[in-house]
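Report on the structure given below.
Naming follows writing order (A, B, C and D), and every chain is counted from residue 1.
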């Protein structure tokens, strides 16, 4: 019964909303113009990266905070548990992964560098690196994580810390995250690189912390 | 009917399905997937509706990138909780709230 | 404040982010002192900000913004709609002040509460830091999408705090809470998406003049979605199902943070939309919200009166007290209504934090969480019980307390507009609150049954008792002098 | 801050601060606690006399704080307030002495005396409130601070009594609050003023004003124990004797009665109330309460319960006096506010003595008590006779003025009410006296705690207060026409209230 009702409601909602979309005039404001107009001072030539790290860089700052928070939350939720003992996969797989890993690292570096002028950037780069780490774990070449030690914690927090520091350091410019046009490119690259490292660790951690032996129920 | 609008309409359908799923599904993993469906729906609407005249708009795209990361974080936490619950109770369903 | 680097509203965000990251780097169970130092500074910053707003606010009266934005900050120097604006008016300044002044005593409380290597406390400090950062960021943000990110920051931190180190019940409660808050922010995000699609901006200030009563249907749907999502996050009846297990099951300091601040954040947002961009649309929903609020008062009180567990009782009382907040919506045309609402936010924030803190002490002392088990505690924990009583006074709306001032203002606003029924509901709610508050006090005054206390109550650190007392006392003292707060709200109105 | 502003605050502080300190004192610090108690009580008395002199000389004392924009917490010491303040201050001193003796060796004394002091502070606040808002604040504080005293013993019975007390007073408080906010909404303020403030509103508000009057009177009527709102009073008897004394003579019921006086005279104004035909209904309710209370008292075997119903009846004399339009009735009512307090506190002190010394709780156990405890019983007899309105007692004075007032107001039926009540009073007090004095001493007392030693029939601290109050009962009557007596003061107030009419 409940099932039917919920589904019906959802369907009606979808129809009404969809219907309302069909006859919609164009928006009063078009941000494409200012985005393009200010690309010069943004320090990057790719509009999405410009929005992501400059115009709306503050969103990204908080977004990284959310990601770090998620890792922290998982640590808090899972508590102390033993790391999984990696189960060695088929040697062929292991060799493949051994070969793939350096390539993935190269790809990551390229993505990071490319982010400035075409799709790419810290998040994509970090994701690729994290994928590499996950692969290494899955084929049994690297263990899962315990509660991270100091070094690892530093690495996890570094990206966010750098971002935060830059944001604060720019306050005397008159506003949070207000890059001076000439230095914008360099600063963004700095942040991006630090983020790549930390994002890679965090994303990998999300997986490697979860893939642990469960304590018996 | 432009491409952008099509995306937006699909997004609406996905969102509706996602919500229904979160409300109805008991199994935690599927429930978490339903939530992701819902999120993707919202993202599609955000991008699609903004470019319903098929001229790409970088702002919503950047927003969606942010949104995706947030969704990833939320999903990871949800999975961790589900896993913990499974470790404690051996089930992947929410127990009845023991109210008194 | 000529120095451009001195920007209280910015530092109120950077500081907690900073110290929570530091606390994380320091490692498990560390960071209490960084947190306390940080929060103390934040309290000072929030105060400076409030002074600034109170002074400058009156100058910036704008017909379009009912509360006249006083202090703004353009992140990246771009300015809306391209960039993200931060804006602090009387309302947000008040919320910031409340957040810091509740968080600081609770930090002191938590420090002694989690001392004994409690697994729940291992990552408490960084989590609390992100929570506070998220709240502050939410209160100052003037950008609907940015607010979505802050909402998630708050939500995830809150869920993690509930689940940390808990058993199956607690984890289950956390999962319920997580799904509720995710669906809530999902609905909000869809609403934002629709608004952006329609108008091409998510800046509150830019949207303000664009949205009018004859807006396309899509905008109405957007408004509905956003408010519905936020109602779910605020646990307004009948969306309250997730709150009692979460707030009742978490460790006392966490319950206090959640009940006092987190649910208020989403309510603040509804208020913000109401007075801001969706001004033209939302009044259509006013009576619906008020009706749900009334239902919440009665249902929540009823459950509290019958709750077996002490913290369940307090959690249900939160459900009821949140109901009061929604009574103001039909009255918002009268300035007293907003003031009543904010006074209630402060009253409940301080009192409920104090009450949960006191409950935590009693539970630590008696070693169990039932109302029945409190018999005789008055002899063992006079300070704590006094704190509970003072907090109770505020919740019942008895004078002299901030709760009383809130009740007074809401009744007067209701009479001024001839909305009898709201006054009646508010008064009835006060009596119901008395029933469950005195249910606890009576039990505590009873003579301890022979042998029940034979084991004696465990000794409790002074810091616990007195930080609980400080919060409860603050909720009463505010009732003796609410003028400045009310003027702060009036800033620019 | 000038002295005129500080003095009222000092009067509050003189009981508030000791109270707060006492809360923190360890149980064993008896000497410190006692000193603080007495110091507070004596200091308050001194301050009150300073005020009294100042007010008599026509000085104006007051202070106000802004709580919300347009809402002030305001204190003022006027003639009417001083009547109540002086009464409470004096009786508080006696009650404190008595309580120290009564609770010797009992547990939780720090808590007890802490709330005890808060309770008196609240009473002072009620007396000095300059507007209804302030009045309400202290009125509710009184409720809260008396609850722990009522349930002090922590037994289930005490809890039951305390809960009923709370239920009545909190609901009453809600009605009162509704009335106050409504009035505040109509007039914009709730300041007390001679001749009232409600008359400022036009005739079209008459209907609303009547409803508000009902709400306000219902609110204060609960504490004043007007029938049918009196149910809590007999239940609250579970409290220790000093608390009963406090409830019945000094604080709670008096606060209610005083509230009625303020509302009729300084919110509505007696002429305006008369013009709205509000006084007659009030008088009728008061009359019903008087008779009903006395009637119920007849059938109570429990001594304190009998006294409780007698209080129900006696307090309404005040309401009746207020409701009798005209200065003479007013004087009767006001003077009874004081006299009833003195007499009733005597009776409760004595009841407490019987219970503490011989374990006597019931009237049927009183046989021969007079032989064993002559002094206590003497005091009790004076109090009882006063209640009946026998000549040469305070009761006689107030009754005389009330009856004249009734005649002056042309409400002769009220005289019959008073006579009936007097007869009933005699009917339920005389048997007690007869048993105590003339019945033989029983073989054994229910449970004798304090053995006799010569003249010392019980602990001195228990004996002195009732003797003193009994003496006052006579004195107020014998020297009724002296310069400074309750009567003289009541006349002064009446003179200030009825500016128009000449006063006797």
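Just so we're on the same page, contacts are C-beta pairs under 8 Å (C-beta built on N, C-alpha and C of every residue); 3 or more make two chains touch, one makes a residue touch a chain.
Every value quoted in this text rests on a predicted model; they were computed, and no experiment measured them.
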Leftover contact groups, counting everything except subunit C: A, B | D
Pair joined by the larger number of C-beta contacts - A-B, C-D: A-B
Most central chain, Cα average position: C
Per Cα centroids, the chain farthest from subunit C: D
Length of the line joining the C-alpha centres of subunit A and subunit B, rounded to whole Å: 17
Centre-to-centre distance between subunit D and subunit C (centres being mean Cα positions), rounded to whole Å: 43
Subunit A and subunit D: spacing of chain centres that average the CA atoms, whole Å: 73
Cα-centroid distance, subunit A relative to subunit C, in whole angstrom: 30
Shared-contact residues (touching 2 or more other chains) in subunit C: 145, 149, 152, 156, 159-160, 163, 171, 174, 194, 196-198, 200
Subunit A residues counted as touching two or more neighbouring chains: 17, 21, 24, 27, 31, 35, 55-56, 59, 63, 66, 69-70, 73, 77
Residue numbers of subunit B (touch at least two other chains): 8, 15, 19, 49-50, 52, 59, 63, 66, 70, 73-74, 77, 81, 84, 88-89
Interchain pairs in contact, sorted by label: A-B, A-C, B-C, C-D
Interfacial residue positions of subunit B with respect to subunit C in the complex: 8, 15, 18-19, 22, 28, 31, 35, 38-39, 41-43, 45-46, 49-50, 52, 59-60, 63, 66-67, 70, 73-74, 77-78, 81-82, 84-85, 88-89, 94-95, 97-100
Subunit B - residues contacting subunit A, complex: 5, 8-9, 12-13, 15-17, 19-20, 23-24, 49-50, 52-53, 55, 57-59, 61-63, 65-66, 69-70, 72-74, 76-77, 79-81, 83-84, 86-90
Complex contact set, residues of subunit C against subunit A: 4-5, 7, 10, 14, 17-18, 21, 24-25, 27-28, 73-78, 81-84, 119, 122-124, 126-127, 130, 133-134, 137, 145-146, 149-150, 152-153, 156-157, 159-161, 163-165, 171, 174, 194, 196-201, 206, 210, 216-218, 221
Residue ranges of subunit D in contact with subunit C within the complex: 23, 65-69, 71, 73, 108, 111, 136-137, 140-141, 144, 148, 151, 154-156, 159, 162-163, 166, 170-171, 173-174, 177-178, 181-182, 184-185
For the subunit A and subunit C complex, residues of the former touching the latter: 16-17, 20-21, 23-25, 27-31, 34-35, 38, 54-59, 62-63, 65-66, 68-70, 72-73, 75-77, 79-80, 147, 150, 153-154, 156-157, 160-161, 164, 167-168, 171-179
